[in-house]
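Below you'll find a set of structures to go through.
In what follows, chain A forms one complex with chain B and a second complex with chain C.
And now, the complex of A and B:
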């Protein structure tokens, strides 16, 4: 066994342990902030796996998209809400946990069975490595054009949706006398009045 | 193209001549460039801190540090030793694990990014194909560390600072990536070595700054915002947030943030000089001078000189950019958070998109000048 193979084996073991450990911790920990940070650990170790498979571009994209964007947004959401109270103990919670555990174990068994039973069509070509970016580009504009464009349209829809949601000042084109119709207005929580003293008395 | 000096090749050759097997020689070589770059990055902190103090002093008509070492050059070392001996306090209600992990997650990606900074044809830790994309990916990890630090401090100013840092970082990442994309479009490669080689041959006239002036400005502004330098140091705005996410940190944990910010500044300057200012290229093409003096490009002494000039030029360009960053700090007032986000999303993003489209159009029309 050469040095490179040894390093690869040790790295694979470390990454697998890291990925499984942090993935289990994401599910099992009570603290939602820990779970969110550990999700980043899962993504990072997945990127490490891609590097081991000679797919550097996919690894970097994984870090950029999942760690840099998705995980940061999840953390943002959690921290803006920032509720630091323990969950109310639910009566007979163990029953739900038991059922969930059973379902998860069943799914795991099913997946293991299908992984073992599928005859994987493993290509014997040498990996392209550095040239992968050019290959990916060629595929995007030839046989994978439709999925690529569909994904772009989906992102565009999400972008426009986000802009519409963020824009609260909607000016309906009704003349001053007419009553405004509710259908054209975005749902918005009514502003709370500043003077709370009157409310408290009533 | 000038092959330059292949240090790795010569090193392994010497060791194999001494009777070591090939594999062992390669394994011995591996840590060398990494340690060298780590030391270089650490020394760059001292240089940058000293420059910052001296230039700030000059901008405010003071003298600045002058007692510690000649011209006060050892002031940063004194500060570092002081930070080492400070008590390491973790606030009582802070989350100790996240509080400790935060600074580490901010610093590690910055040092990792030095992997792709070339100082010459073969003077780079590794010339990986994804090159500059790796830097963009790694720099997107830092906001997680900042959020972690801000959240775990259990302090509203820290949390606000962390949230601001993350928002700023993800907003300015997009124009920066688009500016890099325009460069990549012209170089046909993500590798930093290829990007510099594409600019070489015509001296200062071949540098990307002439072909990508808008891209250069966008990238430099976005890089300053990513480094949280004034006028974009909103996450640690003293008047509003005490010190942002750093408020509760003491001792070496604070030192790590400090180190991270300065290493990141130097790294950004290095990347700008590689992408837009021709990297290790001398303003007058060395190949041209050599042909004028009728010296063969393969001459050993010429190659040594070229390599030395290459390292000096890269550092000189980077520090010239650091100088402008420091001058900007003392001449431009801080923007407001809404102005910052407006500027990023409503100005830089559309401009960088237009820049990208223009580059693509120019590349199709003038393939000679724009690397078709």
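And now, the complex of A and C:
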């Protein structure tokens, strides 16, 4: 189950570099489609970290839910709201970015200080490893039963809410004389043809 | 392999997420930044679960809950973005002033 320490360390370094690089690219790149695909890179390297932390089930759930559902959902969102729009420059935008960068760096320094200075009570037990699935199942059906059921209700609410929010308000009515066309036009899309080369946000 | 490495990586990811959340003007990018922050929190939970509570693994259970709630959040968030885009015909965060004044 346990790899050698050096291999683990190198893997962790690789995954961390991949994850932080992709995350920076997600935030900083101009083209939002590149950002969305690199977000998948962040999620996959996060799943690798979960495997390093002896949690195979959560890694599988991460790949299934994040890469398979959330990332695809974001890509669909980008395709639906694909608007070529020159964002109006706001005055002193660089100042806001500078201040935000400073605040984030300060927060990171603060977190680093507290992480390094705390003496963690590291447990000496061996991790359950492969038995984690059975352990999670026991938790779900004993002491976390109520949150588990509430999560299912929440997912149902989110499903219905998303449908209600994203539904089109009007249905384009067809007069009885004219023939009904086969192609449905989405009012979200701009009327002109969208070229793939020009997807950048501004 | 120490707990601190994972915590530092998670802290860096969280700060990147905050930076993107505040500075980006595209709505979809704001949603992506929120996902980054949720992932950072998940990494914290998993690291604590492995190093401080390796037998009980309550952290993994919490991570599963966070993952499911993040999925619901992404769906509802994108629906809201679609709805606002249909009404305002823009994706610029600076022009979404429906609740500001």
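Everything below uses one rule, namely that the second predicted complex is superposed on the first by the 144 of 202 C-alpha atoms of A that agree within 3 Å, B and C clash if a C-alpha of one lies under 4 Å from a C-alpha of the other, contacts with A are read in each partner's own complex, and residues count from 1 in each chain.
Following the convention adopted for this analysis, a residue touches a chain if its C-beta (ideal position, glycine included) is under 8 Å from a C-beta of that chain, and two chains touch if they have at least 3 such contacts.
Source: prediction; values computed, not measured.
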Considering only touches as defined above, state whether A:160 meets chain B (first), chain C (second), both or neither.
neither
If you stack the two complexes on chain A, which partner ends up touching A:69: first (chain B), second (chain C), both, or neither?
both
Between chain B (first) and chain C (second), which, if any, makes contact with A:136: first, second, both or neither?
second
With the two complexes superposed on chain A, say which partner A:37 touches: chain B (first), chain C (second), both, or neither.
first
Touch check for A:147: first (chain B), second (chain C), both, or neither?
second
On the A-aligned overlay, A:81 touches which partner chain: chain B = first, chain C = second, or both, or neither?
second
Applying the document's definition of touch, where does A:113 land relative to chain B and chain C: first, second, both, or neither?
neither
Pick one for A:126: touches chain B only (first), chain C only (second), both, or neither.
second
Which partner, chain B or chain C, touches more chain A residues
C
By the touch definition at the top of the document, which applies to A:61: first (chain B), second (chain C), both, or neither?
both
Quick check on the output: what are the common chain A residues between the chain B footprint and the chain C footprint?
57, 61, 69, 76, 80, 132
Given the complex, residues on chain A that touch chain C span 5, 8-9, 12, 16, 19-20, 23-24, 26-27, 32, 35-36, 39, 42-43, 46, 49-50, 52-55, 57-58, 61-62, 65-66, 69-70, 73-74, 76-78, 80-81, 83, 85, 87-88, 90, 96-97, 100-101, 103-105, 107-108, 111-112, 115-116, 120-123, 125-128, 132, 135-136, 139-140, 144, 147, 151, 154-155, 157-159, 161-163, 165-166, 168-169, 187-188, 201-202
Chain A residues touching chain B in their complex are 2-3, 33-34, 37, 40, 56-57, 60-61, 63-64, 67-69, 71-72, 75-76, 79-80, 82, 129-133
What residues of chain B sit close enough to touch chain A in their complex?
23, 26-27, 95, 98, 128-130, 133-134, 136-138, 140-141, 143-144, 147-148, 150-151, 159, 162-163, 166-167, 170, 173, 190
Help me check something: in the complex, which residues belonging to chain C touch chain A?
1, 3-9, 11-20, 22-29, 31-33, 35-36, 39, 42-43, 46-47, 49-58, 60-61, 63-65, 67-76, 78-83, 85-86, 89-92, 94
